[in-house]
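Should a chain be cited, it is by its letter among A, B and C, assigned in written order, with residues numbered from 1 in that chain.
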């Protein structure tokens, strides 16, 4: 069973992920788009706006940070914690170097204390965000099954990863791999694709409104 | 439960769901799909939306307004839509859905773009709403008074019934009454001035003011009975054919007098539509430049053709009409006009491109069903003004002005609402001539 | 006798010995390499023998003059006590001595009180703890069977009053999530060997135990944040008052009759107190257990372990009661913490004094009520909008 999870199923999941994401993004990029015949206020205002929006929308601006502070803080706790874990946790670095790159390129590994802090931030962020989604009237109206599945799947991936921290049991590691594979397969078909589409949406708005002279 | 605005008791309107779906499919494209595939339901947009802020009703979360398009997109156009349909994960929209969404798409969205500011994905919900309105109208839905305004514009020339004849009458009357030359249907002119129905019928002083200012600067301008109506209720109501007709008329007017510049009066969406959507509605680049009256007056001031006596009667603050500032990119000129003019000018918070919407844009002012929620929304503007301590509020959009006037009466507010062109015209310092320049 | 070799290692100062391996015996080869003679290859000198004639660097009684031209003792040899039975006895019973390598806990070679701890933990704590938990569960089941779900006597009015702010609800559910994760993993750590190991077998159990340990250690520190949050957001209203005494003696109305209460009744105030006190005890002892080597004495870690376990068991037992009453046990209770509002009649019946102050807020507009619960501002952070 473990051999299957760490062997064929891994390759299947990886393929579905890569092909699925590529397909979805290509489809978005090649969809017909109306041409804008209006005269831009500034030459190359569109390109400038796209870049500006890409950066600016990482922080709620225009006096709105105060009213979205909770979401901002917990959101970043989760995302930054998760990215640090995924990219720099020692077992991940070993995995990436061994299976994805094929060579030891000296990718930095987190010391254990840094891992713990990043993991706790990620968990706290995710739990606080999800509890908010369940109790906040606005989010309750908005949320659908995709939102809940995405959160649960991510939580299970993170949890199984941390449960295997002793790195002494193939079974625990396999659980983690299995949940990761489930996430990889789920991502291209779900809202989790925002990991890539956030850039498209931001750039689109920036390009459209940068031409007008103000990127919202 | 309190009644929601826009909630119409089960009515007899027949709803053509297929027409709505077809229209949405026709309007969907890569630009919109990028948005629909990016929303993560974070709900932060609600914090920036005046309808939600004033009522705290979670139904008024802007992201919910993406649902009609998203449902159609997911079922018919999105990547893997076939898979979704097969798994029953993409139900078709129903008549009940459309009726349920109607107040969200019409009554409680002014397409002001505040939600976009706060969205981590920068989703332009306003543009999706504008397109969605077209689908609803195709299905037979939409607030009757708003749709009627669009039909009036198409049939009579203006949403408030200002036909070319009425235009001529009123222009003559205003010119006589105020002893100001108001050029109408000159053979040739550099500048075509357009007007909005709201001004002509409710705030005619601002038309007179514009005439005074343009005359005072020696501008070669005219109105044209071929194309005079600046507002575009076709866009506001979702009637694409009316939208195009209104732009065509202005283009015809400009062509008739050979104008290279078209000036849009104190109106927000009129500027936004003509300046940024006009060419696309027409299907060709506009053969003239489009400027809002504040932009044009600012240019004249820069050229030294307009001078003003300082205005020190009272402290004033300024409301930025959304379609001119945030959505239009023409924020700075109004302040340049007030600079050195209003001696006690105070900014409200937030201001400029991040200012709060008046609550009446996007045709919402014309919807009787939205009156109650509009008055609630106005409290936000009231609080902003009161925080500055200024007794008067200046703006550059007649629709904002009308919205705020109505709410001011409903809530018995004591502050003054002023028009920037009227204020400037009253304090013009070079009454060189009241006659427009001749060829 | 092998213990003598350990003593020798320490007192002669073998560089191989580190704090982490103080309890471990180096292999015989290491001893040989250090020049301690092992006649016949054995580590153990013959019984009674101290000097070993014919070896290069003999083992000899420290302080004895060199016999027959043997090498003087190494510079860092210490002490002049003989390795007597009495000396050994003192070591066996936890005597603290001088060591070359100063790491916490190193100074005690054999921490004999640890045996007492082990027995206490595995027998009394585990046994009584299990009894307490099962007892509480049984009591809950019995209560439900006999009393059933406590219904709202007058029925629902359809009007609701905001009760818990969004900040309070988020803090509560954040804490509850952690309690579930920590509680389950903690119970596995305490009872796993006796209950799960026979069922799962050693392979599967070691997996479960490792997972439980890692998970428990990771989520533990977050629990401190949760307890602090609970303190901040639920302190207001939870201070004991005179009316609580009478509520308590009336059994909260369970024995018939009416018991007055403010926002929180005596039972809830006791639960709040337990949460804060036990919560802090669990956190402090938990942190000690996360960094046991930071302590000078292994005994402290053991005390922390006992405190942690006992506090946690009491907390879980009480928590089971809390969770029962807040969900299945009482109609109208769960919504207080999920949507933040409660039915008017529920409030009148169970928290009449609080109801009297807030009855003006009763409304049929559920949406409005739920939203204003977000701004209700009960607790120290009035007006904070998550």
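As a convention for this text, contacts are C-beta pairs under 8 Å (C-beta built on N, C-alpha and C of every residue); 3 or more make two chains touch, one makes a residue touch a chain.
Computed from a predicted model, the values in this text were never measured in an experiment.
Colleague: Taking every chain's C-alpha mean, which one sits closest to the mean of all protein C-alpha atoms?
Modeller: So the chain sitting closest to the middle is A.
Colleague: Using only Cα atoms to place each chain's centre, name the chain farthest from chain B.
Modeller: Max centre-to-centre separation from chain B belongs to C.
Colleague: Can you tell me which chain pair comes out on top for contact count?
Modeller: A-B
Colleague: Rounded to a whole Å, what is the gap between the Cα centroids of chain B and chain C?
Modeller: 63
Colleague: Using Cα averages as centroids, what's the distance between chain A and chain C in whole Å?
Modeller: 35
Colleague: Which residues of chain C are in contact with two or more other chains?
Modeller: 367, 371
Colleague: Could you say which residues in chain A touch two or more other chains, in rising order?
Modeller: Residues 67, 136-137.
Colleague: By residue number and range, which residues of chain B touch two or more other chains?
Modeller: 56, 58-59, in rising order.
Colleague: Touching chain A in the complex: which residues of chain B?
Modeller: 29-31, 33-35, 37-44, 46-48, 52, 56, 58-59, 61, 63-64, 77-80, 83, 113, 116-124, 127, 275-280, 282-286, 289, 325-331, 349-350, 353-354
Colleague: Flag every residue of chain A that touches chain C in the complex, lowest number first.
Modeller: These residues of chain A touch chain C: 67, 69-70, 116, 119-120, 123-124, 127-128, 131-132, 134-137, 159, 162-166, 168-169, 171-172.
Colleague: Using the touch definition from the top, list the residues of chain A that touch chain B in their complex.
Modeller: Residue positions touching the partner: 20, 23-24, 27-39, 41, 53, 57-58, 60-64, 67-68, 71, 75, 136-144, 147, 188-189, 191, 193-194, 197-198, 200-202, 204-206, 208-209, 212-214, 216.
Colleague: Name, in rising order, each residue of chain C that touches chain A in their complex.
Modeller: Interface residues on the chain C side: 166, 169-170, 173-174, 177-178, 204, 206-207, 210-215, 218-219, 221-222, 225, 338-340, 367, 370-371, 374, 385-386.
Colleague: Using the touch definition from the top, list the residues of chain B that touch chain C in their complex.
Modeller: For chain B paired with chain C, touching residues are 1-2, 56-59.
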